[in-house]
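Multiple structures are listed underneath, in structure tokens.
Same chain, two partners: subunit A is paired with subunit B first, then with subunit C.
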Partner chain A sequence: MLMEKLKVLHVDFAGCEGCNVSIIRAYPKLMNEIELDISYLRDGPPKYDEYDVALITGGACMNEPRILEELREIREKAKVIVAFGSCASLGGILRFARGGQEPRPDHRNFQPINSVIPVDYSIPGCPPTPQMLQSFFKFFMAGNESRLRLFKVTAGLKKLSGFDLIDDIVLTGLCIGCGACELSCPTGAIRLVEKRPTIIQERCIRCGTCYIRCPRASQLICLGGEKP
Partner chain B sequence: MGEVTFDKVCRIAGEAKLILYEEDEVVQDALFIATAPVRGFEKMVVGKNPLFAVEAVMRICGLCHASHGIAASEAIEHAIGVTPPRNGRLMREALGLINRAQSHALLFLMVAGDLIKEEKRNDVLFKLMDFHAKISDYLLKLGGAATHPPNLTIGGMLSVPKWSVFNNLKARFKDLTASWEATEELLIDEDIQTEIADELRGAKRPFKYLASGFFYGDRYNIEWDKVSSVPYYEFRKEEAARESTTLVSFYNGEKVETGPRARMITYREFRDESLYGLHLARIEDTRLAIQRLGEILDEIRMEEPFRAGDITFRPGKGVGVYEAPRGTLIHYVELGEEGRVLKSRIVVPTMFNIPVMEEMAKGLSVKAAEAVMRLYDPCIPCTTHVVRLR
Partner chain C sequence: MMPIGENLLGQFRGVYLARAKDEEILKRKVASGGAVTALLCYALDKGLVDGVVTSKRVKGFEGKAVVARNKEELLEAAGNSWSIVPFAARIKAKIEEEDLKEVAIVCLPCQAQFFGQMRDFPILETDFGNRIKYIISLFCMGTFAFEAFLNYLRVRYGVRAENIKNIRLGREFLEVHHNGTVLAIPLKEAFSYLQTGCLVCTDYTGLWSDVSAGFVESEPGWTVLITRNARGEELVKGAEKEGYIELRDGSHVLGDILKRAREKVARAQRNMAQLF
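Here is the complex of A and B:
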């Protein structure tokens, strides 16, 4: 059956471009299903007035009213909002931003997108791999809500980090020592010591990837619907 | 005099506004105004452990992540008096060169819209995507991730890939080179290029260049005291410039161009000083980076260490200079009590290049001027995270 391509808009706010590269790398395999409108490939402003999905990368600078306004406009324009990457979904490294830097010392408060507008799905990662986006769209097109549940629940969360993983999973005795957290950590902040993860505090950037990748933690938030 | 405004320049890394003042279709002056918010990485790392500083500055930019990681590590090593062992230094060079090729590939993808005829554009894009995927896999295997490689750290490599990984990468190297050669062929094919490319070929613009090395970068080729930075709105007094969120930098008080062309002219026999030469220099830069990567893979000795031992953080000052894809990147760091970061300053290549880009646009047609902005590969995420120097 021939389906119309999904219209997907990508918008970046104060991101580092890492997520954008991930999106562009995922695109060749998604070309038959989606039409991606990304500033890397177009000439002028966004092509359409309405979109099926908007992928948002980077965090919202709360001290810049223009950005908050733009975010609200995108919410109007797109049926589904996906926060892609840790800055957009959970704050990530931007949780450490505290302003005071010239030429704009007033830019001190960065928040994940769901602090400004309702978000439908969040895909954390620093950056998430291209495969993450490919499987997201695979399940999204198939309407497979159970597979998207984790992304949906994460959309309601505002922060997650290695510390939450230790508190909620390791210290409560739920950890099975599989090592998924160690493998997934983008900064090498988690090491398995005697089959249990330990966190190297100065390396954790609060991206939340470990929490999402932990089979126990993801089960917990999916079943309970919220973070314990 | 007419005014042409591009509210959001497309196909560049980050958010920026471009204003061109033209007379009879010829650009007289240009304002390049970056509008992305300032995330403040220099302030963010103050009071933190240097290991956090390296992870954090890599997140300044998703295009030149490894470059920031290398420059920051170099600065911290300089401050605490540590040198990575031979393997560590070679691996770092390899990660940086992979990063260079990745970043250039993406820029070629973005300028394809200006330089390559529409009917051929998709061919080039697919070739570039293929090459980008292949080179990114090298960073994934050697650095631990295709973006923000976590293996890169102070003193050398945090974890070392197995010997089988090296063998596998060496075996696939031919494939990587072939993928690049196929791409290069299309990129330099003048028959499929647009009129803009022709116009740029005719625009000879020699300039003052700044480069500190060819493959790596060298803190002894740059004098830190000669680098000065001012907010963009102090450099350009126009009303529109007030919106800008960047600083611009000068070396010895002068505008200098940094990047692939500066490297090629300073360290290689490259003499094309036209604006199109910038494109050619970048192609050559990529080719040499891949070639050097092949050499490094052969030079790694698995039995030797990859990281310096006995790393202790203590008070000190250090400068790290690295040749990032876009040019000379400088990190300055001061460590205080317990070896925590006391002060951090970062000067990125685009800060040097913004005044040059505006200069180069003069005398071109509007379309070519817009293309020139892209050719300089401005990196807004980097540029908007930098503090004023005293």
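Here is the complex of A and C:
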């Protein structure tokens, strides 16, 4: 049986290209299931008027009306919006932007995509691996909502970082000392001291990986659908 | 809140009662029917995995992460450690040091969730989910804040950590075997020394595992096994076929497991209401 391929649009806003490279690397193994419309593979504007999924990478610069406009247009065009990577889903390292910085001193504030339009799934990671995207589509196309619940719930959150992990899980006494956060931090910002995580502040790039990988935190947000 | 019931036990294929056939396994201080140890022996013997990451009780309640590559090493780790073993941090080093390509991991539901999520959703380049072949989760009502609990045992009962030989969980008591005697502590009393995080935990059986293992009071000497996917089902059926475990249907104990699972969720809801 020949299934019609999912039409997937990729749009990149402010970011470092890491997420884009991940998507490109993931594509060869996804080609049978999805048709990816990505700026690297075409000249000119997007091919179709409607898409099944839009993958958005990079955060939204709130000082660029054009970007906010474009995001709203994508929301109209795509049935499902996936924020891919920490910048798009949680703000990530873009949260450090505060204006007055070269090359665009006028860019003062970046937000995750869900500050501008409703997002269906947020996949943190700085950047998430190609395998992550392949897995996402595997579960998405199988309609396995229970496996994807964490990403669905994350789509409703605007900020998750090591600081939130410490505040919500460690300082509330809910940490069980499993060490998952330490292992999941890409920058080594978390160390377990006396079986509890501590954070090296200046290393935390606000990627949110530790938070969604903490079994206590991810169970709690999946249950309640919001941060404690 | 999620509708209760839907997610109590997660998706599963089969529920069984199992017991190790090997006398040597049963002679050890296995936790219930020794089926977990037997499954792991089978997986190692047949080359389904090249190592098993599990926990060995070192002192009192504490366990440490160990890699077993043969039956003898597995036997040394049989039985329970009553604390969280900070697997995550050490396991990666272990897997890499020993260059294991396909491992089975025995862990608690929270850890199964971490490993399961990592295997299904490899966010990081450094993830090693592709090396994890089997996730075996033990049922769990909680782990102890063991410094606090040991202190309590010493002050209240005069029991010292170094003298504890074994700890067993019963329906109503936690049995602490020490110096040739058994101290039976009512569960209610013991459970007040659980980690706070465990008091809001809702997963009793380990929803992210391939096989979950626990016991029910009505079938002493047997391990309850829940298989969750084809991979878990094949492991259990293979172990039976090759004579490692005795296996019977366990659907009649499903009610007992559900009851415990429901208790755990109710406890979590009560505590969450208090904490937040």
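Criterion: the second predicted complex is superposed on the first by the 224 of 228 C-alpha atoms of A that agree within 3 Å, B and C clash if a C-alpha of one lies under 4 Å from a C-alpha of the other, contacts with A are read in each partner's own complex, and residues count from 1 in each chain.
In this text, a contact is a pair of C-beta atoms (placed from the backbone, for glycine too) under 8 Å apart; a residue touches a chain by one contact, two chains touch by 3 or more.
Nothing here was measured: the structure is a model prediction, and the numbers come from that model.
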When subunit B and subunit C are modelled together on subunit A, clash or fit: fit
First, second, both or neither for A:Pro28, with subunit B first and subunit C second: first
Touched partner set for A:Pro186, first subunit B, second subunit C, both or neither: both
First, second, both or neither for A:Asn20, with subunit B first and subunit C second: first
First, second, both or neither for A:Thr198, with subunit B first and subunit C second: neither
Partner chain in contact with A:Gly100 - subunit B first, subunit C second, else both or neither: first
Per-residue contact with subunit A, leading partner among subunit C and subunit B: B
Three-chain overlay, vertex subunit A: subunit B-subunit C angle, C-alpha, nearest 10 degrees: 120
Which superposed partner A:Phe110 touches (first subunit B, second subunit C, both, neither): first
Partner chain(s) touched by A:Tyr40 [first = subunit B, second = subunit C, both, neither]: first
Minimal inter-chain CA distance - subunit C and subunit B, angstrom: 5
Footprint overlap on subunit A, comparing subunit B with subunit C: 129, 186
Residues of subunit C that touch subunit A when the two form their complex: 1-2, 7, 11, 84, 86-90, 92, 110-111, 113-114, 117-118, 120-127, 143, 195-198, 200-203, 272, 275-276
Touching residues (chain side subunit A, partner subunit B) in the complex: 12-22, 24-25, 27-28, 39-45, 61, 63-64, 67, 92-94, 96-105, 107-108, 110, 126-127, 129, 185-189, 200, 202-203, 205
Interface residues, subunit B side, partner subunit A - complex: 7-8, 10-11, 13-15, 36-44, 48-49, 51-52, 55-56, 59-63, 65, 102, 106, 109-110, 113, 125-126, 129, 132-133, 136, 144-148, 150-151, 153, 158-159, 231-233, 244-247, 379, 381, 385-388
Contact footprint of subunit C on subunit A as seen in their complex: 123-125, 128-129, 131-132, 135-136, 139, 146-147, 150, 169, 172-180, 182-184, 186, 192, 195, 209, 213, 215-216, 218-220, 222-224, 228
